[in-house]
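Each of the next two complexes has chain A plus one other chain: chain B in the first, chain C in the second.
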Partner chain A sequence: MLKKHIALIAFWILFMLPGPAAAKNTEDSLLQIPFQQIAEQARNHQVRWYMFGGWAHVNAWVDTYVAGEMKKRYDIDLVRVPMDAGIFINKLLNEKAAGKKTGNIDLLWINGENFKNAKEAGLLFGPFAQQLPNIRKYVDPESMAHDFGYPVEGYEAPYGRAQFVFEYDTAAVSAPPQTITGLNEWIRANPGSFTYPQPPDFTGSAFIRQLFYAVTGGHEQYLSGWDPDLFARKAPLLWNWLNAIEPFLWQKGQTYPKDSAFLDTLFSRGEVAFGMSYHPSHAQNKILEGSYPKSVRTFVMKDGSIYNTHFTAIPFNAPNKAGAMVLADFLISMDAQLSKYHPDKWGDFPALDLKRLNPKERKQFQSVDLGPATLGSDTLNPVAVPEIPSDYLEALEQGWKEHVLDN
Partner chain B sequence: MSWTIKHCLRLSPLILPYLVLFCGGVFLTVCQSFGILTPLPHEGGALDAYAKLLADPAFFASFFFSLGVAAVSALLAVITGTILAYRVWQLPRQLATASLVYKIPLILPHISVAFVILIFWSPSGIVASVAHWLGVIQTLHDFPNLLYSGWGIGMILAYTLKGTPFSMLLVMALLFRFDVRQIQTATMLGASGLRIFFTIVLPRLAPALHTGFIILFLYSFGAFDIPYVLSESRPGMLSIHVYNLYFKHDLARRPEAMAILVIMFCFAVLFIIAYSKIVNRLESGVRKL
Partner chain C sequence: MKHAATFLVLILLFALPVVVLALVSLAPGWRFPDVWPADFSIKGLIYLAQHQRQILMSLGSSCLFSLLTVLTTLLMCLLPAAVFARSNFSGKALLEGLLLAPALVPPMTFAMGLHFLFIKFSLADTLAGVVLILAMFSYPYMFRSLVAGFQTMGKDYRLCAENLGAGTMSILLQVELPLLMPAVIAGGSVVFLVAFSEYFLVFLIGGGSVDSFTGTLFPLLNSSNRSLAAILTLIFLCLPIVLFLVIDTILVQAYRKKGMI
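Up next, the complex of A and B:
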């Protein structure tokens, strides 16, 4: 009896002791060994991808195309878990505080201030990006050096590109404004027909950043990093602009839509004249889905339209880091990027550098029919302006509450 | 000694989760509000978050607005619940089973009630569409602005709808044990229906009314689901403000989010103590039947 107990205890001690140390070694080696071996390690395992789950068409693309290809190519079972970035960051923070060495998230869809938060709190594994062959082959290193002005340092792999667009219904508005000044005049001439999601909503926050560039003389001045004096000097221009139009907004500016989904609903019901999205193909997707009328089109302001890159990253306690790397690599592959670009799949813009493709591959991207509601890169690229460093983003969101909402 | 240990062990399934989850949670919240054990190292003093909140008029606006919404909706729910329960109790026996319908909103989640209110009362909702179809209003813009009036009417409606059957349930439990002969005697002596209700029935229901009010009031004060769907941007409900600070802002602002939670928790505890003290004092003057 006693012997049995001792044996059991010894078993548990043996079982528990070498675990973390061994795991640590293999993990670090993932950052050195050839990708072939990583893919071999990942074979026949499960990869759990935590990502924003609010878009049915994106979920369908992941569940069918990505999951199917991962199974076929690498024998990996992909499990998609829908969760907002802010929530999984907090989950990881709690796990880190509790000393949980093996979590249940393998890959994250992340960018911007969530990435900054995660990296600063030591929640990420890496740098892994340069280990991925498709990144070395297709991605312009410059395009993945910064995420909202915060250095990426290989802790994220790019997988898509987004740019801010406005949406309108050609049946209701004949000529949408072309500039921010024009928008201002339009709002005053059509009281109650314009609004934007309340920051810190992702889309609403992007809208005020874009305005910030436009009403304070361009984006260049902010890109060199956080400058409190500059912000203190420039921000009042934005607050004045927003406060001046507030009485002419939907519900007289008494309230703002809580998130972009709310604005989409208002727009589709005709309560407001303009929708907005950080995804150029959003309107086309909504038309295909049947929730927007076929007459909806998108437009951009000549003053500039913000673009960003979205990324994937691997948590410090991911149980299957090799699998996560294989998935991150597949997502930036030529095949996945092309499939993702089709508007009936997702319509997300490629994060790879088209110049690095051979002419035949480039032709495949150029011949994708984006649909009548999505603007082509010939319209989008000339007005594209980069994202602001994330310190400004936080200051703008906080300032908006203080100077516009609570004013 | 061994007696207490034995009892503690027996109670452990109850005490352990309480200690670990509830007390642990409160402890961590208080710590983080002082900038201790935060995900990012906290720069500045322990009381910075509180100082910042207490200097911010918007915080007080939110606080009192949340309080107002909670108080009005809890009061409305308790009053309607009591009147309805009393009427249902007076129904003939055959109808009593049918009146169980009142329990349906009890099983509806709060979030569904919020959507019901949204779908019916928004400026392009069902009521507005019907009014437009009947020609009562010319365009959808003419519909009175119930949900976005700045008074939290949408939330008050939702909480009242959800709270009424709950207070009915509490009141019914007392009514079913009520001695009908007291009412019969009063009627024979010529008391009016109103007089009977206020002097005989209501004092007996007081415990249920107080409990109902405290539970509904504190729940609506801190709850998140209904405000998430129905609240307006200004003045915002506290719970939404905490949610935004916790999930959507820089991690450096974690102490602020936690400080709001601590203030809300302290308020709830103080409220319960003050409320029961006042009720006790009031009731000690009342002759017990």
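Up next, the complex of A and C:
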């Protein structure tokens, strides 16, 4: 055992290299110099943005609109690389351990537990957010203070907002349930027509978090941070709820859709009555894409619907940090947020504070036609509840497997 | 009659799914109980046209690293395979088993550790790194095939050539390699397909700097955009077929020139 440890330590020492002092200084200056100079440094370089690549319309928006504007405004070549957050975190962890000072990722699309893990492992550069003029101008500091209950401290720049919605086909269901209790009754009355993606799928995990709030008496109690006793007391209520409906689920609950794409497919084929998404405009996108019937609409539960902000962050070894900052700033600009809001582009909700815009700008946002399937902020805002701290998220995902799947 | 039945089964198994794929690629909203899609849409094709440069680049990059992997595995395996086919020594069976292990062990198990080493040796995020890691777990297919090739060939050609005064290099290049071609192609095809279909390793070691077709395809397969996923799957399907046709044509011509068929 001891021998093994010594060998391991020797191995690490052999490969550890001291960090470069000079490079560190110019990087730190990026956190002080005016944005004008940052943009000047970034000119005529490449920026590599690593992001989830599974949405064709989002890819198209980045490749055409964002890339075009970055070229035009800053003479920056944007390269979009499709990579899931889990993979790039692993990559960065290895690079950090191996002491690689210059990586190949400039900007990440990240949030939640991935951000927490990355920040705790020292994988991120910052705090850079307050250096970006558009953040100072348009973003409510309160709205970007926490990401899944974890303090952001300027290591991420917000660029979009999402909220959990359910989807139904008006041709098949006339009155969808309004509350979690109503949903429970509906599931029992219509066996085989409801299911949810298996956590840790992003959407399935969000679904059980929302239920967790609803069946344990609201979200407020969890927001002050991880409390194992509280979790141990409250979680059984959720497991009981989920196990009680299991026999009435699709395939009698013996199996669950492995991800939200699978649920989308089941829903689009009419095999289940409800779809769900963490993106209010998802149904509208699917209608425009031709995958969903035109009669699909979305709804939210009165018990609350969780929302989150998604962010961009810069890795510690980004080769072009100045360029990454310019891109992060552009993404939260009025123009990019407005373009992104259009459902034929993406339909992602703005992360900027509409109150900080002048009346003309605000009107531009308000006059965007979200399409018939997307709920307006007048319906979404009153039921919006914040995300749970990510320790609960991980405990819920783990607990679901143990108490619901394997039960 | 017997052949007709076989043929029918083959068509049902292989051609019918392709027809369904082709239909889905044009009709993402095709749903039960419609036997024929109610609506067609060319949105998928439009995306394809918009991103043609990116998709072609990734296809090209995938082909390039897959071909280089085939070459690397050939270089790695040629001499060891000759030894294994020709001589007997103690521990041969054990060593052979060990050499085949990388094909049986999931690459994930050693990929993370290797990634660390590759970063150290500046191989991460490079084409060379991707080729090496792919060769490292796909060489057993080439190795098995070459051993079989050497065994089929026997020792006689080599003896003949030696008696006629040929040196080691010229025996290898002018006598053995041409005779081994069928084995190289059999092994190489498998290696090519394994390398071409690999997603995670290329991503981890290539780090997004080395484009791959699977890297473009997988995120879209994991989304519910069925039309686009179907189109890209069809492309994925066509590529090996095209490759085999090309190899076949080249080979037949080469053999014909030499009067071997």
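Operating definition for what follows: the second predicted complex is superposed on the first by the 386 of 407 C-alpha atoms of A that agree within 3 Å, B and C clash if a C-alpha of one lies under 4 Å from a C-alpha of the other, contacts with A are read in each partner's own complex, and residues count from 1 in each chain.
FYI, a residue touches a chain if its C-beta (ideal position, glycine included) is under 8 Å from a C-beta of that chain, and two chains touch if they have at least 3 such contacts.
Predicted model, so just to flag it, every value in this text is computed and none were measured.
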Once chain A of both complexes is superposed, is A:Glu402 in touch with chain B (first), chain C (second), both, or neither? first
Looking at the overlay, what does A:Ala97 touch: chain B (first), chain C (second), both, or neither? both
Is A:Gln251 touching the first partner chain B, the second partner chain C, both, or neither of them? first
Kindly classify A:Ile87 by the partners it touches after superposition: chain B alone (first), chain C alone (second), both, or neither? both
Tell me the contact category for A:Arg269 with respect to chain B and chain C: first, second, both or neither. both
With both complexes overlaid on chain A, does A:Lys363 touch chain B (first), chain C (second), both or neither? neither
Between chain B and chain C, which one contacts more residues of chain A in the superposed model? C
Once the shared chain is lined up, is A:Gln198 touching chain B (first), chain C (second), both, or neither of them? first
Please report the chain A residues shared by its interface with chain B and its interface with chain C. 84, 87, 90, 97, 269-271
In the complex with chain A, residue positions of chain C that touch it: 27-29, 31-32, 39, 41, 43, 47, 50-51, 54, 112, 115-116, 119-120, 124-125, 200, 203-204, 207-209, 215-216, 219-220, 222-228
Show which residues of chain B lie in contact with chain A when the two form their complex. 37, 39-40, 57-58, 61, 123-124, 140-141, 145, 148-150, 228, 232-234, 236, 244, 246-251
Would you tell me which residues of chain A are touching chain C in their complex? 15, 48, 50, 52-56, 59-60, 63-64, 81-84, 87-88, 90-91, 94-95, 97-98, 100, 103-105, 259-262, 264-265, 268-271, 286, 289-293
Interfacial residue positions of chain A with respect to chain B in the complex: 84, 86-87, 90, 93, 96-97, 113, 116-117, 120-121, 192, 198, 200-201, 251, 254-256, 258, 269-271, 394, 397-398, 401-402, 405-406
